[in-house]
Structures are given as C-alpha cells and as structure tokens.
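Pasting in a structure now, in structure tokens, and then I'll have a few things to ask.
The first chain written gets the first letter, and so on, giving A, B and C; residue counts start at 1 in each chain.
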C-alpha cells in the first residue's frame, strides 16, 4: 500500500511543473482579464456631463461580468481540459519513449503491476480536482478584484452559486448539486479507465494491439452511450420497460463498464504488455 | 512524510476545495419552495408539480415545486430518478405493474369496471401499395386473479393515409365497443370476447353538420371525459359552428361595460356579453365561434342524439371542455379570471359561472382538468409569491374544492429580490 | 537456477524463438550468444516479464514465472523482482532524473534488497557524481551507472543485455573489471554480448542460439581443456560451418 502512495507521488512529481504552469496561466489570465473588464465597466458608469444620462448603464454584479465574456474566461479552462485529455494518454506513452524506456523499471518493480494502473489513475484525478479547486478559488479572487475596482454604487450583490453559473463551461465543470457532480465525474472516470485500458491493449501484441485498442474503445463508447441513446428511439417503450428501469440499467451498464475496464487493463498489464 | 509534501498538499487542496464548495452549497442553498394547502383536501395536490423559473439578479433557473418541496432542473441526476407510476396503477390492484408495462398512459384506451380491465390500441400494419391494414390489439385481465387474455382483430384493410385511434373503450355484456376516430369520422367497432369483429356502427351526425364540415364552417371534436376508463353510456361530440352573426354585426363591438364586482351567477344561456368582472381576452382576427352543439353517441341505442347547445356569440377565445357523469363543462380563462358554462346532461340546461382573479387568488396562467376537478394555476404576474397558487374547482358542484399557495421553504426564498415565475403545472 | 524450457516467440510472421531451452546456474556466468536478431534480448526480457512469449516455461528457483502461464498473479511480480535483477542496454530512467534521485528511487521501491552501501561503493569505483542528470551522461558513463542500479540489488540472479555495446574502450574495461570484484560473487549471471573477446576469460558457460533454437551449450573451461578451442572457435564452427 505504501508503495502505491510512493508511485502516486512519483507521478505527481514528474508532472508538477506542467501542472503549476497550467495553474499560473489560468490564474494570471483570468485575473488580468477581470482587471481590464472591471476598469472598463467602471469607466462606462462614471458621471460625465458630456453624455446622455440615458446611455449610462445601471449597477452590475460580477455575475454579469463573467457572463458577458464567456469565451475569454473559458479559454484557459479549455486549455487545461485539453492538456489533461492529452496527458491521459501521455501519462502512459511517455514511459515507452525511446529505447530502454522507463516502462522497464516500472514493470520490474516488486510491487503488483496493478499499482501502476492505480497510481496513474489517482494522479490524473488529483490533477483534475486540483484544477477545479483552483478555479473555485479564482472565482473568489475575481469577485475580490471586481469589488475592489467597482465602487459600491455601481455594484450589485451576487451569490457564489451565481459566480459559478456565470461562465457556461465552469458551470458545467462544477455542477451545483453533488449528485450531478458524482454522476458526470463518475462517467468521466469510467471513460478514463477505458482510455487507460485501450492504451494498454495497444501496447501489447503489437501491431495487432492497435486494432484491439480501437475495437475496445469503440465498444466502450458505443455500448454505454448506446444504452442511453436507444431510449430516444422508443425501443424501451416497445419492450415494456418503465423509465426508471431504463435509467437504472444505464447506470448499471456504466458501472459494469468501469469495472470491466479496470479489470481488463490490469490483466493486460500483467499478462500481455510488451516493452 | 515531508518528502511527499507536494502530493499531500495537492490532495488536500483538491479535495478540500471541492468539499468546501459543496458544503457551502448545502449551507447556502438556492431558494426552495413548496405547495402549501390552505383549504380543502390535500390529496387533490398529491402528485401535482408546478414548473417555474426562479431568478435573482442572476441566471433564471427552472425548478419543479410540489407538496414535498422544490427541485431544480440542473440538480437532477440519475440518482434522483423515482419509480415511474402509471396514473391508473392504483385502480388496477395487485397485478397492475405487470399489466401496465409498455402501455400508453392515456386512460382513453382503458376500460375498468370493478372486475376486469380492458386495454385496446390500434396498430397500422403496412400492406401493399403504401396502404395499411388497421388492427386493434386488445388485452384483458381479471383484476383479482390476474388472468389475461389477449387478441387481435383486423378492423379495416387497405386503408390509405388515415390514422385511426381508439378514443373510448366500453364493455357491454359480452361485447366490446371501441369508439374509434377515423380520419375525421367516428365509428364504433363491436367485438365479441372471443376476438371476432361483430359489426361496425357508423356514428352519423345530421347532414347539416357534415355539410358544414366540408365547407369549414363547422368543426367536430370529441368531448374530453373526466374518467375515460369508467363505464359510461355515452360519448360526447362537440360540434363547433363558426361564422358571423346572422344580422351581419360583429359581436365584439357590442360588448357592454363591465359592471363592478364579480359574483357567481345562475343565468341561463343567452348572448354572451362581457361577463361581470371579466373582460374579453382576445378580439383577434380568428374565426368567430358562434355556438357549440353537444351531441352524444349512446352505446346502447347505437345512435346519436343532441344534448344541448352553448351560445357563444362570436367568441375568438380558446374554450376548453370536460364531461363528467352529470354535466358537460365549457370554460375559458384569461388574466382577469375564468368563465365556465355548465350544461346538465339530463335536460340540456346551461348555467354560467364566473370566477374573477380575486376569487381565484391570482391571475390564471394555466388550467387542466382531472376527474371532475378543474385545476387553475394562478400568479401575481410580477414574480412575487403574492397570488401564486392553485385553486381547484369541483365542476359538478361549481364550487371551490381546495386551495393551495406556493410558499417559501427556506430563507433564501423569502428574499424579496427573488422572483418566481410560474410556467405550467401537471399531475404526474 | 533459472530454467528456460521450450520458449516460443513469434513476431508477426517471424518465428524468432522456436523452442529455446537452457539453464542459468547459480554462481556461474552464462553467456547467451548468437547472431544479430537471434532473439537474445528477447529471451532476457521474457525472463524479466517485460515481454510475453507464446509458449514454453520459465522457472526461477523452481517457481513458474512465465506470464502466459501464470497471468503474473499473486506475488509473482515481487518474486521475480527479488530474484532477478535486469540490466538493460540503456538506463531505463527518465533523462531528467539526477543520479542521486535515481538511487533514491531504487531505495524507495526495493527496500528489502537495495544495498545503499554497495551502491555508493560502486558509484565511487566508477567515479560517478550524484548531481549529474542522466540525460547528459555519456554512453559509457550511463552504462556504468546502469550496472550500479542493477548490481546494488541483492538478487541471486543478474541479467545483462549487451553491457559493452557501443561503449568506449576504457568504460568497457571498467565494466569488465566489475566481474572480478566481489559484486557478482555467488550470483547466477546471464549475459548477452557481441564482444565475446572482452569477457571470454570470465565466462563459465556458453549457450549458442541459432535459427531460434539452442545449437550448442558448453562449459568454456572444459571446452578449452578438452578440445583446446576458445569460445570464438566454437562460435565459428556453429555459425559458419
């Protein structure tokens, strides 16, 4: 068990500069953009004898600032998302780089190979959730900047829930309800497990491996999503299933898919993977 | 431990941040509401759900409000899916769930007396030349024993472009009578219990009606029944007659000034002026409804007879209808209130009832009927909770049966800056 | 003893190993020789569980460890790691890692068998500093460091894959010296190499691979005494008849 934690620490450590880079980029960008926009909004509202009072906008909240600049605030978040998606693959492939690659060392370690799978999974989850926490902290910072720049008479109050709702991408990544969070990140973890297993399939029995990997990936995408999409065709009504039965079946399929992915991935790692 | 500081700190930051977010969300929830019954039987509101939009200086969020509380749409997850319940489940007893699998929820396809349930639904099977053969699938079950018998009967063959559907199911003795709407016409197919088509009865209305149908000045539709699954002796057919008045005047111009105060009146039907306390809603350019004649098809006699007439004097508004065991009801509503015309099925006499917005507790937004009750959703129109509620009218007694209001369920909902706009409601 | 029996391996159409059988005795240095592409590296990696084979058995001190037969279940990965140290032809560590960090890595994950003192002795013997980045080491230095990582693990068996390939003369001499130190004492060593001449005097047994099978196995000392032939002589006989 302790070796698992050491492996997790190893994986976190080797990615730390890139992670800090993503965090710094997101923080600096969102803060800078907030300063610029807040100054602009303040200037718009400054009393000016030359302007028609009708055109001066009323007070606004930081929610409005966020919701008016969707793409701007979403951009660094998108960069983080894409980076993590890429690293979901690179976290494995970087070990195979070059001859005499590091994967030799990892496979030879006295610890069960399942630890390799689990440590990379745990590291990815840490990266994802730490970036989410960073975004939450940044929303507080953004509100602080806004309150510092905008005088009280130009400002409206906003709930924290509204701050999160301000940007569509952020609202999607940080749902208000913990049950919805569990649902979507649960699905995401299942997909991550499937990706890991597909990578390991590709890394065994080459060149047939890539065919296997693609076939597995296709199955993992089609079956769980297919169960859901088939509902749209009315298939379930004709089979006489109640809606809650359909939903619970879909949940079951996803859970089974996740368990199968982990089991298969670890099995391939033990038995079939090749340097 | 110091060596692993990086990972430990990262884990604490990651889990702590997200944990704090959700704890904060639980401690500072969005406004919550509930339906609070102020008068009458709570059971009438049992499965009622009101859809609303809540906003603050912030994004509008859709939510559903019921007796139990409110649920925001964006907070729904797979973990919140409840067991789906067919509206007729309670009446079908022990074997209900098995029988109701895969069946449409509309009660018109069902016939339910105390002992058996019958379900009938049409099915088009493609035949040659782009035509179709129309079958009816009949399933019957004894309520106590759960014993079932199913059969399938060919009703019509080689049909082109029509969509026949079952509008009512009756069992009379050992025969099943299926009232079918068939491309604008009505027919009754009589089946024997062993699965044979015994005869077909063409439901024929007077020739003037049919002629009016052809030139568009007359439109037919079936009366909505408050409990289609019950055994009944008649099916109501509404015949709507359009056009200008016989003396050529436009009825809208002759409207009287609305007198002060609204009361329930027992006036007999006459020309419609503006009822007391209620202004006419929409004097648009649509076709003017002069009157609606109610005919009934009698299952036993297998023929059609007139039952009564509503004089509407060129109304352009939307009228809704419902037939209970003893009455047929026609009603319309607008911001100012609701007007109801009630015809006795025994003698065809029509009474008029008016409920103003004050009497209803708010401006009517939506209505629906269920089992002899008319549910009216009201709101103040300004997003506040004043006047936001539901009034339930008992149609047979023409009286208020129950009232409920939309009440705040937590402190956030009591904030006067928060607005709640009621959109729609339904019984689930 | 490491017992290899009837090892089979196919790469697409190429049937590289067609039934290889030999043993690695404890305390002896066995050399696996063959032409390029004969599959020597593959056999070493197969023993180490880095490459799955299509058939055959690999037993280490009596316990079956072949991936396809055992699924690598239970504590097998650990058993194999504690019994056999593998020294590949390149240092299998991230290039950004420093020498000291690599040593800490090994100490961290092999607490039962990592000999820190031995590692430091070897580091001094090879004159390697701790602060150097692995990526910036010359091939010779990297090869030496590789030996440190492998030999400081107290395992009864050591596998070396081409320890001399592509390395400068002096580094090669330093590596060859290792064989005379006590660091290989009592261990069963399996080494593959082209540079037979460098270590001819050190090798106890030779296994010659040809066309996917073992063509000849012999004791080098006996062969020299009995037939007055060197290893190279025998190889010439087998490969160029």
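In this text, contacts are C-beta pairs under 8 Å (C-beta built on N, C-alpha and C of every residue); 3 or more make two chains touch, one makes a residue touch a chain.
Since this is a predicted model, take the numbers as computed values, not measurements.
Undergrad: Which chains make contact with subunit B and with subunit C at once?
TA: Chains in contact with subunit B as well as subunit C: A.
Undergrad: Between A-C and A-B, which chain pair shares more contacting C-beta pairs?
TA: Taking the two pairs in turn, the one with more contacts turns out to be A-B.
Undergrad: Could you say which chain's mean Cα position falls nearest to the mean Cα position of the entire protein shown?
TA: A
Undergrad: Per the centroid of Cα atoms for each chain, what is the distance between subunit B and subunit C, given in Å?
TA: Comparing mean C-alpha positions, subunit C is 82 Å from subunit B.
Undergrad: For subunit A and subunit B, what's the span in angstrom between their mean Cα positions?
TA: Those two chain centres are 44 Å apart.
Undergrad: Could you pull out the residues of subunit A that touch at least 2 other chains?
TA: Residue numbers touching two or more other chains: 6.
Undergrad: Quick check: what residues of subunit B touch more than one other chain, meaning two or more?
TA: Residues of subunit B never touch two or more of the other chains.
Undergrad: What part of subunit B is in contact with subunit A in the complex they form?
TA: Subunit B reaches subunit A through residues 3-4, 6-7, 10-11, 13-18, 20-22, 24-25, 28, 30, 56-59, 72, 74-84, 101-103.
Undergrad: Applying the document's contact rule, which stretches of subunit C touch subunit A when the two form their complex?
TA: Touching subunit A: residues 12, 45, 48-52, 67-68, 71-73, 75, 77-78, 80-82, 86, 88-94, 105, 108-110, 112 of subunit C.
Undergrad: Tell me, which parts of subunit A touch subunit B in their complex?
TA: The touching residues are 5-6, 8-9, 12-13, 16, 61, 63-64, 67, 126, 129-130, 132-134, 136-137, 156-162, 165, 174-183, 237-244, 247-248, 250-251.
Undergrad: Under the stated contact criterion, what part of subunit A meets subunit C in this complex?
TA: It comes out as residues 3, 6, 10, 14, 98-105, 107-113, 204, 207, 267, 270-275.
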